[in-house]
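Quick one: this structure, given as structure tokens, is what I'll be asking you about.
Here the chain labels run A, B, C and D in written order, and each chain numbers its own residues starting at 1.
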Amino acid sequence: MSHTVAFLGLGSMGLAMATNLLKAGHQLTVYNRTASKADELKAQGAKVAATPAEAVQDADFVFTMVTDDAALQEICLGTDGILPAMKAGAIHASCSTVAPGTNRRLAEEHAAHGSHLIATPVFGKPDVAAAGKLWLASAGADASAREKVRPLLEALGQGVHDFGDDPGAASVVKLCGNFMLGAAIEAMAEAFTLAQKSGLDRQQVYEFFTSTIFNTPIYKSYGKLVAERHYQPVGAPPAIIRKDLRLVLDESRAQTAPMPFANIIHDNLSTTVAKNEQVDWAGFAERAAENAGL
Amino acid sequence: MSHTVAFLGLGSMGLAMATNLLKAGHQLTVYNRTASKADELKAQGAKVAATPAEAVQDADFVFTMVTDDAALQEICLGTDGILPAMKAGAIHASCSTVAPGTNRRLAEEHAAHGSHLIATPVFGKPDVAAAGKLWLASAGADASAREKVRPLLEALGQGVHDFGDDPGAASVVKLCGNFMLGAAIEAMAEAFTLAQKSGLDRQQVYEFFTSTIFNTPIYKSYGKLVAERHYQPVGAPPAIIRKDLRLVLDESRAQTAPMPFANIIHDNLSTTVAKNEQVDWAGFAERAAENAGL
Amino acid sequence: MSHTVAFLGLGSMGLAMATNLLKAGHQLTVYNRTASKADELKAQGAKVAATPAEAVQDADFVFTMVTDDAALQEICLGTDGILPAMKAGAIHASCSTVAPGTNRRLAEEHAAHGSHLIATPVFGKPDVAAAGKLWLASAGADASAREKVRPLLEALGQGVHDFGDDPGAASVVKLCGNFMLGAAIEAMAEAFTLAQKSGLDRQQVYEFFTSTIFNTPIYKSYGKLVAERHYQPVGAPPAIIRKDLRLVLDESRAQTAPMPFANIIHDNLSTTVAKNEQVDWAGFAERAAENAGL
Amino acid sequence: MSHTVAFLGLGSMGLAMATNLLKAGHQLTVYNRTASKADELKAQGAKVAATPAEAVQDADFVFTMVTDDAALQEICLGTDGILPAMKAGAIHASCSTVAPGTNRRLAEEHAAHGSHLIATPVFGKPDVAAAGKLWLASAGADASAREKVRPLLEALGQGVHDFGDDPGAASVVKLCGNFMLGAAIEAMAEAFTLAQKSGLDRQQVYEFFTSTIFNTPIYKSYGKLVAERHYQPVGAPPAIIRKDLRLVLDESRAQTAPMPFANIIHDNLSTTVAKNEQVDWAGFAERAAENAGL
């Protein structure tokens, strides 16, 4: 069934997701601050709006995929923001990685306006998004609203998991996921560095583990970067995921739940940012190598 | 093809492995310090030896699976040890988790004696061993010797990976593996604790991740313990894996390769030992819960 | 020379400092949210104001010593706040431990209003404040304004150190100081715990170090608490100094300067807060004892 | 009162200490592996022995100050070692930084031989040793033996603290001391780096703290190196103090007492060794600067 859908935020993730919504037969209007990013979608039949408000005015479903909390706040409540423009009963699928509190506060604004915010963070890199193989969590509004948006989310990935009525819950799950990814990368970074300094071949150790007890796409794809010590292309830059780890630690503080691994991942990302390395965020794995004198 | 095989060390891992060698049709002689552990194998046709030396005197292949470096050293070179008793050309498959240097030194002793040591650490819990689903690494002696022992190793698991002539290399891989397992457990401990304190259900978060981006037996089996905060039955006690992490850190020092994650896992295991908790080693995950006041 | 001085915030630190300003001969008007805290000063001749604005309206110098950034913000710019009420040219000595950015932003508001903010954090516990033995840093406005307030600051302590025109600089110094105190406490906690578990007497180890290479009031006073494992009376509760460490880590993030020691101190304070222990903040030293099973 | 004294181990610490014993009027025989180090003492009247055994054969008191546990073991029990050569009732003042267990085991050997080992670690850099301003701990043998050696120890420093009959106790105190020094250095490294990145002058921050709440020779002398980021001359190289931190962590493991600060100091020393930096051990403070991109 075809819906009127708006998609705002056409970075590498957003572009892939919007393309899949278009392929699924929805009538798509898109918006991006840098308009040229929309060219490809326009050629495929999407409308291009000049402002967020214009993009959403006829939409039953509004997707946002932006960089951070400030950008989401701005696109909702800033100049020509979506909130005043959304139709009554329309659903905002908030896909960005933001603080639980940000989605909670914006959900209240939506409720006051008569629309719904459902937090729908996604798990996967841009190539996974393009393949329609993302995993999604969804939470917020009520079960009925979440059922309405579910078919659209299913067009984006392999499965949608429901986390209830608190939109913050889905954000927490997303933060946990990025943290666990970071932990897997750091674990491989330390292990492969130890192996290399002990005279083994990083690549062989990588192949062993990712074909046996860690035989999963996450370990394979990130582990390859760590094994080869080559962190290209840049899926997400270190500064972006450092922001995510900051959100993890902010939530850790707010909940009085110390996370020593998260501290280490965050700090290694900080050093990668401080050194201005132009690499994928997994490049923080170089800290282990560097600290061992490699 | 049936071989004359000795198996020494019948803990929960060793017993399962010896049983599979017997099932594979080999003529098995076993030895264990506590002789009663051999009763079941005897009923299935294994011979039971009174000393390590007696167990190995006719064997073409000798398997050892003991607690630590000292036990391996003792069973090789102590009173009635295997080394003087092994036949020329016989192969010792050293399965225990020990320091790379221990396997290296014992390999030299074997070479001087005319026998071979091949380090063959295994990956998997006792139930995995019983199912013949272990993963194995092998290194040491030469390619020809490793080819001879390969069919026996294949009877124990799903696959055997060759790491060359340095027996220490296979030990390093084993240490990396236990470290990476510990890192996965700590990552889940921190994530599930954060989620719980943020109002989510640990179990639901566990199910989401282990059915999506961390869909692998390791995360499923250890994650279940962490999600339920119930660390029974005891696959391996905290003191044993703390010893493994100590070996990791010893190698980390020897190679001048700092491993901040390994420090944290080791310390959490130490606290678990200091508190004398009678749990599986994954129970160190309780430190994250405890530090958050749960 | 006697001045018209307002003092706002009569916690244990503020009360001691205000008392010393009164003793130094200044005409003091005080304000505290809980008015009864002012009784003692009133008996000694201070006026008591009903609102912050009333307290400062005639003052040449305004001291504030409040709990956190929000409280300082409120007392400056909230209902009946000091800023609109301060005389032109009056100087606000901002003594609270707050983020550098908070003092910077408020300094701009003062400048716009025609008054001055000088950040003047103090170093020392309440008993040190009472004895007039604090150390002070000062920064902000210009050298001439800082010279004017200097004699009043000197009445509070042993010495005033000038950190230039950026009010944030003094806040950074204060944060560094609290961090370094925390590091000294954690170092003693780990050392005394190791010594105790090795069979030594904590008290004797404490006495040795604080009469030799760490012979300084800081190590003596905090070390005594750690040696005796008795963290009473409560100079500052764990939640307050945890807030300070949070400010340290916020600045560490803002400056992309990883601080692994600060992470550990912060997390140990968090656990102390999570366990709701009613102790002085130095009581986070119990984490080392507890993790060792003591 | 003049005694017959042997001094073995003439590194920069040992040389300074031996010189003070000579100045105190004792009849000194010295030994060093590299004999030329003894030239200066010879010119001042010391005898030079060709072997450890020869050095101690007439001595009532034997001092050793060597690099590590292996060197101490060798000089006691190796070829021409001191133990068989010492007179009955003679006292061995064991000054080196070694594991508690090493001094304990050697003490038993001495007891079996009829001589005494008293662990007498010293606190201070070479210039402090030369000035006769060391602090000393002593433990081992019995109170009567410790009283006999006390006047000689007092010639070396400012004070001698008694830690009872267990020679390991003094070693534990020494390890705690080096750990606490390392913690003070790391704390300054993180604080000064944060301050610098926040726009402050490292030197000014250093001067503030070491003239106020951290006004003690330790913070002044090591802090100067950290403030200037110039770690010359080399009092002790990183590899030596890394060994000390390894001993700290070994004791931490043996006592099941986690020490997170010690892990960080050790790892930063490891990186300094891995990078082969030719600096004083305090140069590990550069890790904080480096990780912040300075």
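In the analysis below, a residue touches a chain if its C-beta (ideal position, glycine included) is under 8 Å from a C-beta of that chain, and two chains touch if they have at least 3 such contacts.
Treat the numbers as computed from the prediction; the structure is a model and nothing was measured.
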Study note, to complete from the structure: Chain-touch separation of chain A and chain D, in steps, is 1
**Study point:** chain B and chain A - chains in contact with each
**Key:** C, D
Exercise for review: Could you compare the number of C-beta pairs in contact for B-D with that for B-C and name the larger?
Suggested key: B-D
Review point. Just how much do you need to spin chain C so its Cα atoms sit on those of chain D, in degrees to the nearest 5?
Key: 180
Study note, to complete from the structure: Note, CA centroid farthest from chain C's centroid sits on chain B
Point to revise | Mean-CA-position distance for chain D and chain C (Å) | key: 38
**Study point:** Approximate Å spacing (C-alpha centroids) for the pair chain B, chain D
**Key:** 40
Point to revise | For chain B paired with chain C, centre-to-centre distance based on mean C-alpha positions, whole Å | key: 53
Review point. Out of chain C, which residues touch more than one other chain, so two or more?
Key: 256-258, 260, 267, 270-271, 274, 291-293
Review point. Of all residues in chain A, which touch chain D in the complex?
Key: 267, 270-271, 274-276, 290-293
**Study point:** Footprint of chain A on chain C - complex, ascending
**Key:** 246, 249, 253, 256-258, 260, 263, 267, 270-271, 273-274
Point to revise | Parts of chain A lying in touch with chain B, wherever the complex brings them together | key: 100, 123-124, 135, 137, 158-159, 161, 163, 166, 168-169, 172-173, 175-177, 179-181, 183-184, 186-188, 190-195, 197-200, 204-205, 208-209, 211-218, 248, 251-252, 255-262, 264, 288, 291-293
